[in-house]
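The first chain written gets the first letter, and so on, giving A, B and C; residue counts start at 1 in each chain.
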Amino acid sequence: MSAIRVEALSKSFRVRPAPGRGWARLRAALRPPPAIVVPAVRGVSFAIAPGERVAFIGPNGAGKSTTLKMLTGILHPTGGHAEVAGFVPWRERRRLAGRIGIVFGQRSQLWYQLPVRASFDLLARIYGIGRAAYGERAARLAAIFAIGDLLDRPVSALSLGQRLRCEIAAALLHAPSILLLDEPTIGLDVTAKAALRDHLNALSRDEGTTVLLTSHDTGDIERICERVIVIDHGSLLLDRPLAALRDAYLRRRMIVLVTEEEHAAIDLPGVAVAAREPHRLTLEVDTEVTPIERVVGAALTRHVVRDLVIENPPLEEVIKAIYRGRPEAAAGPGHA
Amino acid sequence: MGILSAIHYAVALLRMNLRAAFARPVVALTTAAFMFGNNMIWYLVWVIYFANFSNLRGWVGADLALLLGIVAWAFGLAVLLAGGGRELAQAVADGGLDVHLGRPRHPLPSLLANRSLPSGLGDMASAFVFWLVFAGRGAADLPFLLLVATASSVVVVATMVATQCLAFWLPRAATLCEELFQQFLMVCFYPQHPFGFMARLVLFTVFPAAFVGLLPVEAVRDGDIAKALAIAAGALVYAALAAAIFARGLRRYASGNRLVEWR
Amino acid sequence: MRDADALHAFATLGWRNAAAQRAAIVARGGLYVLILVIWWQLWQATPLAELARSDVTAVGLLWYVAVTEWIVFAAGMPYREVEADIRDGRIATALTRPIPYGAAVLAQWAGEAAYRLLALGAIGFAAAFLLTGTVPVAMGRWPGIALAGILGTAALLLCQYAVGMAAAWSGVAAPLYWIWQKLLFVLGGLLMPLTLYPPGLRALADLTPFAAMLFAPASLAFDPAAAIAAVLAAQIAWLAVLAAGAALIDRAAIVRLLDRGG
């Protein structure tokens, strides 16, 4: 049985055109212009097995948050079917809520001025968790997410990464079998993201929790998930294991070198120059041909490197490449 | 989840709420003290009024003090325990509702209790001064007064929710919601008995300020149990109405259409 | 000359800013009208015959409140902007400009208040006329009343600037503002003319600038005998005092801010 099963799920919004100003606005209020139907999600289908960790990625406005909201029952679909933990979300929202944990990256459910533990206490009441079970559960989550010493600090005193770990632990207090994360990594630095990955890995190893997270950052995907669903303009574009996606679309990397020398050059197979400016060289590396370490090593021996940045191809490029069906183009220029 | 769990939940919400309000106790108590002083100075206006005039169509200074005490208690209690109601429109507009919807409870209580304004405590404290000092009531009157004023508080919260729910239908209406509520508050703070029939009709129906100002004062002054029961009934009806409006709004929210309208 | 040009630009910006916030004007206008409706009911229910003097009418009292509330609503609560500038450190940027911070802020507020005086003046006049069915003051007196209202608003803005600058010491200005505002309401005679006050309180009010801010302009609409020239002269004198006080506070606050590094 699937943890999440989605069949031909679609959602359209009815939008009215902006009414303009002054009299036009008044007229529009009295006799509204006909609404335009704008599809946000168009017939998306997928299934997620228990214990899987799946990234749901797409650019802003692709429909990922809309889909996630439908899976939690907050938004009702226009068509199609979905089952989450055996429930139809929009029919049984409150019963489903006891089986899933939700983290909205931009919305805290922790009380800002109070110690984290106070919010946990309240959530235990919200979900009707017994005293003993709650104590045990909180201790366990504190271990998994390494937040034991944060629990008695006010939320306002936590860093963003610490707070997110507490948010996720809070969403897991009632031991849901499915964890949904909406843009959890916005604003996190690299270290915090790495810590998050380790904690989520520990979670799925210890508890077999199904994880579905949305993101618009290709960097998140490889670090956290084992399977990727790409959505764009409301349609499912791609659904495959991370390894396959990595080989096909994420094998290219961009390296930006800032050098003491005005003109730098690296000659290695699979390395192309994407952009060249004085003291600044942007390379496009096919990591299948030449691993990234070798390129960096070569740069360090040949030039005095003042700065070095390695970047993933931006999501837009990956999506363009998927459309074109030409994986090689995945790391095209456009961000240097 | 049974009744016991619901009670546990309600108690936990209230405790949390008060803890948050007094997370910075000095700031909270200072704010409360200012609100207290604010109400006292406001009463000075009526002292001056009744220094000139013997009555305001039958009402004397003590009646005014009764009114101000009841309204202060009703509003103070409302913003202390259900201060989140003032941010409901904002939560609808920016999606803050989602957190509450993702829980296995009705979202309204946790939304209301999501914020607590410590100034409410100053309001509630001033109520006792209004009643016991300016209105010349005794401690024996307090239970009835508190009962009536607390029922009025329910009407205040219901009105707050109902006006804020406008945001479900009118995006970017946060200003309008707040304005409507301010107007409600202002009407409550003035004697309503001189108003004409039409105005009273409004105050007893769509803009239920009569249940916060007029009826409670008359109930207490005349010891009128029927009027007290009318307030209690009003509290129930308006609470149910507000919950119904909220539920309607939620349905619209779940359809997602309001999110993009009139962009 | 360049300064004047810059200040004019700030004032224009303020006017446009106020004009753009139509929802805010509607909200304020709504409250303004509502308060007039309430007081019209209350004054009509008041046994005015009990007063020793016979020239006090419900109509006059309503027009009195229409003028005082006009000034209060037009001024608004702009002190919050100064408070926020200090709290967020934005004032540091403003202090690096060649125009004095206070002059720029007051110029912008003047522009905003001018728009609101005009918009709310129209609303209030219409509402008071519709309620009472009459304009109790000779048309020739209205330019004087308008001028006194503008001067009263200017005095309110000067005070608010000083109140906002108090954030340089305590970090917050709101508590001070609430005290100031309540003093203004009571000693300025927001809801009742000072002539109805007990003698002691009246004497106290007359010693403060508050009476020149609200009571003085409104008395012109309430008391046909009130001399416009005398009111304007008193207002200008108080404005000079307030401006000097605000300038002192401004200088002290900026010294303190620069001392702390902004």
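Things to note:
Convention: a contact is a pair of C-beta atoms (placed from the backbone, for glycine too) under 8 Å apart; a residue touches a chain by one contact, two chains touch by 3 or more.
Predicted model only: the values in this text are computed from it and were never measured.
If you sketch which chains touch which, the chains link end to end in a single open path, with no loop closing it. Among the chains in view, B has its Cα centre nearest the centre of the complete protein Cα set.
Here the largest set of C-beta contact pairs joins the chains A-B.
If you average the CA atoms of chain A and of chain C, the two centres end up 52 Å from each other. With centres defined as mean CA coordinates, chain B is found 41 Å away from chain A. In whole angstrom, the spacing between the mean C-alpha positions of chain B and chain C is 30.
For chain B in complex with chain A, the residues that touch the partner chain are 1, 5, 8-9, 11-13, 16, 19-20, 23-24, 95-96, 98-99, 101-106, 110, 253-257, 259-263. Across the interface of their complex, chain B is touched by residues 11, 13-16, 18-19, 38, 40, 66, 69, 72-76, 90, 93-95, 97-98, 100, 102, 104, 107-109, 111-114, 118-119, 121-122, 124-128, 154 of chain A. Per the touch definition, chain C reaches chain B in the complex via residues 23-24, 26-27, 30-31, 34-35, 38, 41-42, 44-48, 50-51, 175, 178-179, 182, 185-186, 191-192, 196-198, 201. Per the touch definition, chain B reaches chain C in the complex via residues 30, 34, 37-38, 41-42, 44-45, 48-49, 51-57, 175-176, 178-179, 182-183, 186-187, 190-191, 193-196, 199.
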